[in-house]
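Heads up, there are several structures right after this.
Each of the two complexes below includes chain A, the first together with chain B, the second together with chain C.
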Partner chain A sequence: MNDVAPASMISASTDAPIMHVPPADTLVLEARKLDFFYGKNQSLFGVDLPIERNKITALIGPSGCGKSTLLRALNKIYDLYPGQQATGRILLDGKDILSDRGSVARLRARDGDVQIDPANLDVSALRARIGMVFQKPTPFPMSIYDNVAFGVRLYHKKSKAEMDQIVERSLRRAALWDEVKDKLSSSGLGLSGGQQQRLCVARGIAVEPEVLLLDEPASALDPVSTAKLEETLMELRNDFSIVIVTHNLQQAARISDHTGFMFLGKMIEFRPTAELFERPQSTRTRDYVTGRFG
Partner chain B sequence: MTATTMDIETASQPARGQGAAGEMIFRTLCFSAATLLMAALAGVVVSLAIGGWPAFRQFGIGFLFSSEWNPVTEVYGAAGPIVGTIVTSILALVIALPLALGVSVFLVEFCPRRISRPIAIAVELLAGIPSIVYGMWGLFVLAPWFALHIQMPLLMDLDPNGLLGQLFAGIPNGANIFTASMILAIMILPYMSAVFRELLLTIPSQVREAAYGLGSTSFEVVAQVMLPYVRRGTVGVIMLGLGRALGETMAVTFIIGNSHGFPHSLFDSGSTIASTIANEFAEATSDMHTSALVALGLVLFLLTFAVLATARALLASDKH
Partner chain C sequence: MDRALRRKITNSIFVGLCGAATLIALGALVFILWSLVVNGIGGLDLNIFTMTQPAPGSVGGLANAITGSIFMCAIGMVLAIVVGILAGTWLAEYGGQTPYGHAVRFLNDVLLSAPSILVGLFVYEILVRPFHGFSGYAGAVALALLAAPIVTRTTEDMLTLQPNTLREAGMALGAGRGFVIRSVIWKAAGAGLLTGALLGFARISGETAPLLFTSLGNQFFSANLTQPMASLPTTIFQFALSAYDDWRRLAWVGALLIAVAVLAVNTIGRMLARETHRP
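The block that comes next holds the complex of A and B.
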């Protein structure tokens, strides 16, 4: 958060962000005028982020620009840590999920679909609708099967056969099925890094979230695993809306439909990916995507 | 290039020579420090074995399985103290483990950061209180209270021939197996929760966040992800607690009642290996009595050593 101080000295920061917002009825999740604070340090300044349904939205920018913070705000994972707070609005299907302090009422129906009533929203239920995959693979200390079934079991009572189906479908969608189908009962910790990461994707999509957030999911992977993961994400776009934070500009250019460039806690430019990379409008964006800084 | 390097090496040769001598001395010192400790340990084991040999030779394997301990007739069987030691230690574990779990999960997961450190330090300080203080408190405060408010009512209300009546039978003076276990539990609790807390802190925060990210509640995260994550370490914590409970002497001697033979109920008085040794060593006049006590010491040594070695092995295999 050391980079917060000079923000006021940078001329670009006073410019209005260059936003190309998709039509409102195509949006699944939207951040509006989002401020974020780690204690007293402000690390997001009035950020807008529209997430279009069934598209991949990439967030790029130099380290410490607030990309990951923005992601952590979207599914309220920051809520676990006292002292971190967000103000502004985050709309999930048009309903504000931020104004509510959460954990007021338990809405989780064990045998039905998760329903969110914005009047008394439940943070756990919210997080199940917005899945997250982290930079480092985070398999749980249990079998591959149980890893995938974990989130589903929290919300639904399924028969063995139904659960088998869900696990297989999730692993197939994450392009991991063929590699693990013969060892579903062995520990998820025994897989390679790339496989673990795809296991985490399978675990995340098994609960059928609306949005899948990925925080530099490929930064700890080798090129082959990265390519597999990217392929997986392209496939998943048909069913989910994906937000991916990445340091890899080629990756953003390859797989995303929209790209947001962030700098010092602000959204500088948000446009369709091809336009942003080919004809950046902000000088700062141009400098970054052409590799002049960052 | 090569020449320069060689020059430098030749030039610094005398200095290196001096350094090498110092290095030798340093290594020798470290080595002797380490071997001295090992030698002392081996010496202890050997002298215990020699000292206890007459008892082992006299009573054979029966020393471990007979419960008759009679200094007058010079018959010594250690089964009573051995069973007492194991029973009190395991009971103490059963009492302490859920509490230790609760304390450490609270400190790591729910307690506001500001007060979690002071509480953690306070818990660790509890481990430093001398055991004789716990023993005194047990004898003067806990035992009378326990006798009056727990033992007496149970004795009055239960059918003495019923199952529960037999389980809770015993002289209502508060000095028994169960109160000794309670004191032991209080003593090993800070120790166990400190190690357990350290274990929980080794779990990467992203794993925690991933579990929350799937929509788990705190309980689900703790029970289904965090505890399995430190599963093997937990066994290690249990063994460490057990190791401590097995050898605890003063506090137990104060409150266990010190009677030989098998304890017949939860509220019966009994003895442990350590309490028997502490009680009788000063009064052991015959050689065989002394030898029996030394043999007891060897048994305790081996028991504790085995438990601690297992704990170490389990903890070492749980690094992430």
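The block that comes next holds the complex of A and C.
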């Protein structure tokens, strides 16, 4: 796989990434030396990303640097599109989830005879363990209740009473319950943008995933809704591990424990948030967090 | 002449042309509806629905034609909706970008504009001649062949309009692709799918040529789909060209009934769509 990357992108950053990796036993999800291809175009170059359990990990970087791509690799949603490929390792609880035959063959061609411990999950089961919230709210055209119950019904047969409880609990945890408790049977499409986004969070956590991935979840929201969403995420940290892509540096600084700065498809610097913002080691990171570019 | 003025003039000429075109189309429509009502309303009475077609000069109605049309349109629409929605879904969600998918789409577009008389002849060759007889089933199949391409096309267009993030959101919860399509995407595109079905119905409700080759017509009341079957368009065709005033009056009534049915089905469909889509 050395003939695919344009030379200009490789030379963009030749220095090794500055990685401050939390202890291995605290990690729930981990990407190692991940390459990603849209057809022939390579968008990620040997990216490492450790996700610590019950923490918020933020990804920052200029547009087009590969943040969304990395997120979409983590739950294999890219799998829907023929031509998109990941090579490398993604470990969920220490087991390889990228371990289909093609990707293993590509990995061995690149790195030699790597030891793989396959998780043997089918993709749908995997995605149920790694939830995702998108930039634009994506409520389903059904009632608020059915939106939240959607994922749960896929995997569990619950009684009405149990389901009621799950729906209420998820909506409470997403800080939406008080606003919708009297209209659970009305359409999710009728909510405001901020409410819709929290509905998507509730829907995502109702299936009790281990990791929740959020791709710029607040970029379509007003400041009040954004603050509410942030509060919600801070609460959710107690039960889930969260990865959030954000354009908003203050937001990353406010809510995250670890921050990764990406640039041109590479992880430049990954460190505890306060350190990265106060004492960035790479000049690129420094330029970005001080607002000199991007 | 300065630019702003010139732009203003061009603009008003264009708006004027658009307005005139709309007026012409609307005028034609109103004129058609008007002549249908004027000529048809007089003959509209209870006999129309209770009596079968008369011999010239005696009392009668259109019960046999109305029943036949309802039977064949209903069966034709069920077939067209099942085939069209599945085919449109396959084109939009699965194989639409493969060479086979492109071929299917092309052929569907050809069928979309195929003269209905060809469809009638085709069904005549595969269903009427081999079974030695005209039948209601053959008529229904001919109508289905005319409506299915419309439903297919509309379904594909409407599903393609749904954002990918909606599909991804469903699959990110652990749902399989087919399940997301059935439970989320079809629902999101519901009003559009219904529009496709309505367009299909509007197309077939007045078709005459394909029925002449397939269900033929039947002057008696018959609910037996294996036998020749009456229908409003074929009866109108027969009566309108006849020399008898009372038959010609019945033809006008039949035409009015078709127009009213299409209007009613469309209106009800739109209302349903709005109802289910209200947030």
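Operating definition for what follows: the second predicted complex is superposed on the first by the 262 of 294 C-alpha atoms of A that agree within 3 Å, B and C clash if a C-alpha of one lies under 4 Å from a C-alpha of the other, contacts with A are read in each partner's own complex, and residues count from 1 in each chain.
Here is the rule we use: a contact is a pair of C-beta atoms (placed from the backbone, for glycine too) under 8 Å apart; a residue touches a chain by one contact, two chains touch by 3 or more.
The shown structure was predicted, so the numbers you read here are calculated from the model rather than taken from an experiment.
Colleague: What does the overlay on chain A give for chain B and chain C, a clash or a fit?
Modeller: They clash.
Colleague: Which partner chains sit in contact with A:P223 here, chain B, chain C, both or neither? Use first/second/both/neither.
Modeller: neither
Colleague: Looking at the overlay, does A:S187 come into contact with chain B only (first), chain C only (second), both, or neither?
Modeller: second
Colleague: Considering only touches as defined above, state whether A:P23 meets chain B (first), chain C (second), both or neither.
Modeller: In the superposed model, A:P23 contacts neither chain B nor chain C.
Colleague: Applying the document's definition of touch, where does A:G291 land relative to chain B and chain C: first, second, both, or neither?
Modeller: Touch partners of A:G291: none, neither chain B nor chain C.
Colleague: What part of chain A is shared between its chain B contacts and its chain C contacts?
Modeller: Comparing the two interfaces on chain A, one with chain B and one with chain C, the shared residues are 75, 77, 80, 124-128, 131-132, 134-136, 138, 140-142, 150-151, 154-155, 200, 203-204, 207.
Colleague: State the interface residues of chain C toward chain A in the complex, per the touch definition above.
Modeller: Against chain A, the touching part of chain C is residues 163, 165-177, 179, 183-184, 187-188, 190, 277-279.
Colleague: Quick check on the complex: what are the chain B residues that touch chain A?
Modeller: The contact residues of chain B facing chain A are 112-113, 204, 206-217, 220, 224-225, 228-229, 231.
Colleague: Write out the stretch or stretches of chain A touching chain C in their complex.
Modeller: These residues of chain A touch chain C: 75, 77, 80, 124-128, 130-132, 134-136, 138, 140-142, 150-151, 154-155, 186-187, 189-190, 200, 203-204, 207.
Colleague: Could you pull out which chain A residues touch chain B in their complex?
Modeller: Residues 75, 77, 80, 82, 108, 114, 124-128, 131-132, 134-136, 138, 140-142, 150-151, 154-155, 200, 203-204, 207 of chain A touch chain B in their complex.
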